[in-house]
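After the structure tokens below, expect a handful of questions from me.
Per-chain numbering from 1; labels A, B and C assigned in written order.
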């Protein structure tokens, strides 16, 4: 036996082991991927079936051809000879799940909150990093301390207070509080600490640049990466927020996508299963599209958020 | 530093001064002492009159019908749109179609009666333009307070207008001051609707008379349920939900849920014992909650012989059509007991600014015999006017295609006459009923009746801090 | 070296700009968060239902904690709150454990350079996806999948294709419903936790792994002796944030239902609070109880939060501060000395 054989054997074994393990891991990953995608697939497939088909067999695995029928039902475009029941049901669906209005309302709220959150958080983080003032330490401590307070804790008072200020059905209580986002400030401050040279501020002062202009024209552009990451998370979080929006928005014309989708769960009529699926489908569509366009970026952002220690 | 603290302090003071006076949604105390109700409504009306004077000339002209009957109040529309709030459009849809005024709009709050009972508080209180709202018997008392509603006398309607109405609809909507706070367009008598095909094939029952004989009382009802189970091997349930049976069972016995702050469980216990038998024998599926998706589907799927349907389930596009299809193979009979199911009242919202149209709309559907009769015939709803209903039954002018041409009014008129719920309702009723039916649904299969009742009482008293459990 | 301008700038106090920059945060926070919190605190001393608006002192707290109070059903209220708290813990624990195990396993695999795993990026993208979907939609989706009758996907599948006789009542029986919530929560969050842990593992100095490898450690030894101990801080952080998140669990337990009633078997403390203050007009709602329960959650959160706070401290800053203090001390001591010698 040559030396070569002695060394070769364990090495082959090792390789085989690696390959076996890789395969096993790959299979597990495939299974988990299926677990994540199959519910979404079923959702899409079932949205293309009529309620009648789903009534006969609710476990459809292949697409049907009733997508347009369901969409028309949701838009209250019924055939002439539709029954009174269908008309009433379609009217209820159209009222409770007015998808265009839902998108617009959600977009307004999520868009405005995102802008406010990133701008004011960057501003606060900037103020805390750049300026040395007596209360900067306590202020930052406060921000970290309140970072974890859940919104549920103050919701009873919040709703009452908004009710008294006559801000029910207004977007103000959903948008303005976004100015104060402790977690985002925390993130931005850590980011500034690692990648924002304070000399730049000094240099711009020497150039005669005012403090606000320095922040707007020099600091903000430099913080773009952090702002972009936080903007995406703020947008997603606000688009998905059900709890607060559900407490404040009561008028059908003000309701957002999460409230609309929850209202089809307690539907006071014979449910149209196909349309139900379509509603859920439509509710997640924009966010999923955004996600797949920006997925690399978002995942990098999550990873960044994870490195807290 | 001092600037910041000062600003913060100022802000806190501002916030506090805005809220400190009113602790919970303002008028909470007022429901207890209703003496202030008249005062405030009087203020309200005078204010409305003065504002109406300014703008009456041009806007009131389009409403002629209401003027002559209401000399005492000045009715004007400050806003052309009449907004009515309800949790569904089963009734309002056909009503608006028949009324034919494009300016009448329906707004939705809540997804069913129960959720409407909680949603209304913020919806009505948020100061938006609402003229009328629809309330159910189970929780109408929560909203016909001076915080949310005005007496209908604001629209020139008096109790005299309702001398032909079923008395209970007036009693329920009358507050402690004796003011009428709501007008009902329907008398919610209930019956037992059944699938004639199943009845014929499985039980050999051909006519409604035979069916009535087969379900004449609860013993017979149970006997028939047994026969049905034997015939179908348990594939077809006798009735769809315990919720429907409960409605029939409970309202027929005139017992209040709450007596002097104590929950009355006597009827609930009797019913739970009966329900236990039904569930153990497989006559009814306890998991079906009233109004959920499966409840709606059982009829069309042919999985139950019948439903307990009230009059408002029989209108066009309502539950009868939705659950049972349009083939006309259903009939209705009185069932084991005469009963009634809630009913809906049109109440005047405090924010009303379309008084003329509102008054006209209410008169059209709750006072005017002719239009009410027409509505009953066109929609199938059982209208709140004894004379109109008697005429329809006498003329035999109604036939419901969904019921194979049967006249449901003939079956239900007697039931409607007997409805009495004047002294038995409380503001906790909806909560207690929901609590009881939920406990029943979750536990009746696996636990004994004592546990079910104890759990129901525990749930009810933890949700309603005012109420106490009955003594053992 | 320093120019005149630089000196001038140094002498200007910029402190007021600092206050200006952070003022919007504090104003808005005070108005929309602090005051509602104080207001909730005040509500917790007021009565419920017919007693609404009246001062009742600590009654709501004694009711919830001790089961003694003005309400005839005080003991039942305590029982319900405790049940909600217990269920919150069960639901949290049942989703945290599988979630952290799964995420850890995946994170280790994905960062293992020896494994030849194609499509790593794709897996990460797909596994994170559930996390961005609206929770309300997720609830609606799972209700449509796991509803109690054959009208819904899973029961239909089992009954049509596998000959099952009666549908499984996933939503209305306690444990299946709870397990379903745990599953959904895990489904929602494992991708997120995985990515966090991955970045934690990648932050570990690679030479440590190499050294272990050279010393002949096998992969499980590396995992337990190197990776896990070094991941400890981030694991504790995940644990605590997840606990706080668990206390807020609302959307899924509240919405996993058919019909208008939330499921009692899934009632969490957040649902308890919401259901008590959101019951229609004030005279049929329990604002006091909702307030008191909120404050109890607040205290629990504060305890948990102080742990993360302690971990999140800016360590450099603290070190600097300590140094500064020490320097100050030394300076003062010197001055004293100097003073003495003078």
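Here is the rule we go by: a contact is a pair of C-beta atoms (placed from the backbone, for glycine too) under 8 Å apart; a residue touches a chain by one contact, two chains touch by 3 or more.
Note that the coordinates shown come from a computational prediction; the quantities given were computed from them, not determined experimentally.
Contact with both chain A and chain C is made by B. Using the average of C-alpha coordinates as each chain's centre, B ends up farthest from chain A.
The busiest chain interface, judged by C-beta pairs in contact, is A-C. Averaged C-alpha coordinates put the centre of chain A at 16 Å from the centre of chain C.
Centre to centre, using the average C-alpha position, chain A and chain B are separated by 39 Å. Multi-chain contact residues of chain C (touching two or more other chains) are listed as 19, 26, 35, 38-39, 42-43, 151, 258-260, 278, 287.
Of all residues in chain A, those that touch two or more other chains are 55, 134-135, 159-161, 266, 268. Annotation for chain B: residues touching 2 or more other chains are 1, 4, 15, 19, 22, 24-26, 111-112, 115, 291, 293, 297. Put simply, chain A touches chain C in their complex at residues 18-19, 21-22, 25-26, 29, 32-33, 35-37, 39, 42-43, 46, 54-55, 57-59, 120-121, 123-124, 126-128, 130-137, 139-140, 143-161, 173, 176-177, 179-180, 182, 185-186, 193, 202, 205-206, 211, 215, 236, 239-240, 242-243, 247, 257-259, 261-262, 264-266, 268, 273, 276-277, 279-280, 283-284, 287-288, 291-292, 295-296, 298-299, 302-309. Listing the residues of chain A that touch chain B in their complex gives 55, 83-85, 87-89, 91-92, 95-96, 134-135, 159-161, 163-166, 168-169, 250-252, 263, 266-271.
The part of chain B that touches chain A in the complex is made up of residues 1, 4, 15, 18-19, 22, 24-26, 87-90, 93-94, 107-109, 111-113, 115, 119, 122-123, 125-128, 291, 293, 296-297, 300-301, 316-318, 321-323, 326.
Taken together, the chain C residues at the contact with chain A in this complex read 3, 5-6, 9, 14-22, 24-26, 28-29, 32-33, 35-43, 102, 106, 109, 114-119, 121-130, 132-137, 139-145, 150-157, 160-161, 187, 191-192, 195-200, 203, 233-234, 237, 241, 244, 247-248, 250-251, 255, 257-260, 270, 273-274, 276-278, 287, 290-291, 294-295, 297-298, 301-302, 304-306, 308-309, 311-314, 316, 321.
Contact residues on chain C toward chain B in their complex (touch as defined above): 19, 23, 26-27, 30-31, 34-35, 38-39, 42-43, 46-53, 70-73, 76-77, 79-80, 147-149, 151, 169, 172, 258-261, 264-265, 275, 278-287, 289.
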